[in-house]
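Chain lettering (A, B, C and D) follows the sequence in which the chains are written, and residue indices restart at 1 in each chain.
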Amino acid sequence: MQLLRDILDKQVVDREQVKIGKVDGLVAELRQGKPPRVIAIELGSIALARRLGAQPGRWTARLAAKLGGKLQARPHRIAWHKVRDIGVDIEFDMDVRRTKIFAWQHWLRDHVVGRIPGA
Amino acid sequence: MTNVNLEHLAGRRVCSESGKSIGYIEEIIAEQDGDDLVVTEFHIGIFAAFERLSASTIGTALLDFFRLRRRSGLYRIPWDKLDITDPAHPRLLCSDDELPGFEDIGNSRISPAPLHQRDS
Amino acid sequence: MKKLLEISLGVVTSVGGFLEVGSMATAAQAGALFGYQLIWAVVLGTICIIFLVEMAGRFAAVSHHTIADGIRERFGFNAFIWPLLAVLLVNFLVLSAEIGGVAVAAELATGISFQWWALPVAFLAWLLLWKGTFGLIEKGVSMLGLVTLCFVVAAVMLRPEWKEVAVGAVPSLPHHDTAKYWFMAVSILGASISPYLFMFYSSGAIEDQWDKSYLGTNRAIAGLGMSFGGTISVGVLIVAALVLGAHGVTEVDDYNQLPLMLIPIFGFWGFVLFVASLAIACFGAALEVALQQAYLVAQGFGWNWGEDLKPRDDPGFSLVYTLTLFLAAVPIALGLDPLKLTIFSMALTAASLPLTVVPFLFLLNDDRYVGKHRNGVISNAAVIFVIALGFVLAVVTIPLQIFGGT
Amino acid sequence: MSSIAWRSLLLLPVLALALASCSSSETVEQQSKLAASTAEAAVLVIDAWLSGAAPPHYASAALQSFAGTLGDADRQVQSAPSSDIARRDALKSAVGRVTIAAAAAERAVKAEQQIQARQARQDLRAAQADLAAAYRQYFAQQQ
């Protein structure tokens, strides 16, 4: 499998086919004497900003922490062993509603979008 | 145990022991090992950006057109010969003498798994 | 039978997308100053957009990816960010121009200055996106866009020398106003080859759940729809040449001159038809550009998207078009001249083309996405041509913008 | 081969700049052309209004806008330096008359006075003919 070509930047969906985001980062664990193991994917604005450089990454993390609290100061991670299918999208065996990934979308829904009539 | 972000390796320059640049990281190859997905190999070449696109014949055709294609410069470095503790500065762990052994001869690219066949 | 209906609807839709304030304004200016001489630019632009739209539709139908998805996946985020920013900016200007177009139509109809109309127009567009479905927007608004056919009728009624029209379809060098000539050629190409058009088309194919069985439909829609749109643009150009140019009105840089195109032909109804055409064409385009802006962001970052979802199910997506629409209305509300903005944004569109069209070359030749439905030699030649054209335009536009603009 | 292509590509902006600068340096030429075109548009609007094809609010707004454009053009032509005073004055006076006639037309349409509008249209046409003649003379002499 070619990680950069086949995994990175692909669409991620949960088991209900809800679009969660793109694979913004890939985390590997370095092990003594054994090949590095892919343990998780990362997604969210912080992971993305880090790809543009260390500085934008720090700014975004600080901004996210300020807006969303300590929990939002790190990129969201989904464990690799939850992966179920790699096709047009990458499907993870999880329910996005039980994560913090959509916290900002929920905040938007509850405080902005949902308050506009007809939403 | 340290964790590193593999995406930061993409396009990084890799230097040989003697400090000579041998190319940029083009691809990270991983294989299933039991329940785990493990990194087995790093591809280092001269056209990092192009490599991501080169599944298309047009990419190589363009390279040929501009006479840029020198595929001899592709190295397949096994996972244990590249130190990626700091993904921004990957370091080769082999001597210059070993390097030619990792050179990719011929066009033995990993054949792509078609995505489009999934729809029916 | 169902396919036939599908095709005709698609054709109508693409006409709605093709003709907007940009193609109307640039064709009118070109016709007034250079007669039929710039018809070639409309023809060339139409041929280019036919190819790009066909490819965008084919890509979506076979790979189930939109063009924006494809760019992000294939090229990675660090490369994707450039076309993303360029298209967001260009779309924003184009959206502003479209809102301006509707606002001008409202001013012509009521006598109340266009500035006052910018926000109400944005609100109306937003309301349709908020409450409406994709089908309603795609088909309903485009169907009304058929009123722009009045330009073709007018052109035929004027009995132009068809031989001269045909001569205009062949590129030739200008005899006067050289800088303006090339600037207008660039603007016409920019108005015809709009990135929002093919990106919107690929999003639409996903919204309508196209699969491989739609490939033929796609080809028919791209070819017929875009030629249809191009024909209307040529109609505008001929009318401008025979009504404005022939009367000595050569410098069309005041939108108040535009209704004069149809009045001598249809009298008072000419005025009404012009106002209706401008309003509907621009309003339809405004809806599409605003939606495309939201599609682009949502697809680029992998959020949920879909015009048929309720806003509370894709709050990020809904918020993007809401913000875009109201922000884009601001320059017009502040009194920026819609016609000048239009011409400027069309030239900028042309300059941004390489960023959005280069990916086609790779995506449409990658058999992991399109399998055996890859580009043939002709399609690839067309893409390379558009890239080269866009590249030259990008280099030429900026100085022309400074010296040749109106 | 490719390096030549690159070099000629770099020449393009220079070429464009050169092309652009020679046509826009002539303010008088540009402004008189604009004045002539705007005057013709004004005549079309008056025609349309007189025949009932253009609604009054549109006709008066359009004429107001055209009169504004003409006023600007007039000011620019008046302040432009020139070597030949007599010919420039002919041009200036023609642009001035077009401007005045357009303003009169605007007033007439606003007040819905058909007779004055017809008069203004006639003035516009006459002044426009003079402008065309003065323009031809001015530039025939310059070249």
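Here is the rule we go by: a residue touches a chain if its C-beta (ideal position, glycine included) is under 8 Å from a C-beta of that chain, and two chains touch if they have at least 3 such contacts.
Nothing here was measured: the structure is a model prediction, and the numbers come from that model.
If each chain is reduced to the average of its C-alpha atoms, the one that sits nearest the average of all protein C-alpha atoms is C. Between the chain pairs A-B and A-C, more C-beta pairs are in contact across A-B.
Centroids built from CA atoms put chain D at 65 Å from chain B. Chain A and chain B, compared by their mean Cα positions, are separated by 25 Å. The distance from the centre of chain A to the centre of chain C, each centre being the mean of the chain's C-alpha atoms, comes to 35 Å.
Averaged Cα coordinates give chain A a centre that lies 60 Å from the centre of chain D. Annotation for chain B: residues 10, 52, 55, 113, 115, 119 touch two or more other chains. In chain A, the positions touching at least two other chains are 4, 8, 24, 51, 88.
Chain C has residues 63-64, 76 in contact with two or more other chains. Those residues of chain C whose C-beta lies close enough to touch chain A in the complex are 63-65, 69, 72-73, 76-78, 80-81, 130-131, 300-305, 310-312, 315-316, 318-319.
Those residues of chain A whose C-beta lies close enough to touch chain C in the complex are 4, 8-12, 18-22, 24, 43, 48, 51-52, 88, 104-106, 108-109, 112-114, 116, 118-119. Touching chain C in their complex are the following residues of chain D: 9, 12-13, 16-17, 19-21, 23-24, 33-34, 36-38, 40-41, 43-45, 48, 51-55, 57-58, 61-62, 65-66, 69, 128. Within the complex formed with chain A, the chain B residues making contact are 1-8, 10, 26-33, 35-40, 52, 55, 79-80, 84-85, 88, 110, 113, 115, 118-119. Only residues 1-6, 8, 24-31, 34-39, 42, 47, 50-51, 54, 80-81, 87-88 of chain A touch chain B when the two sit together in their complex.
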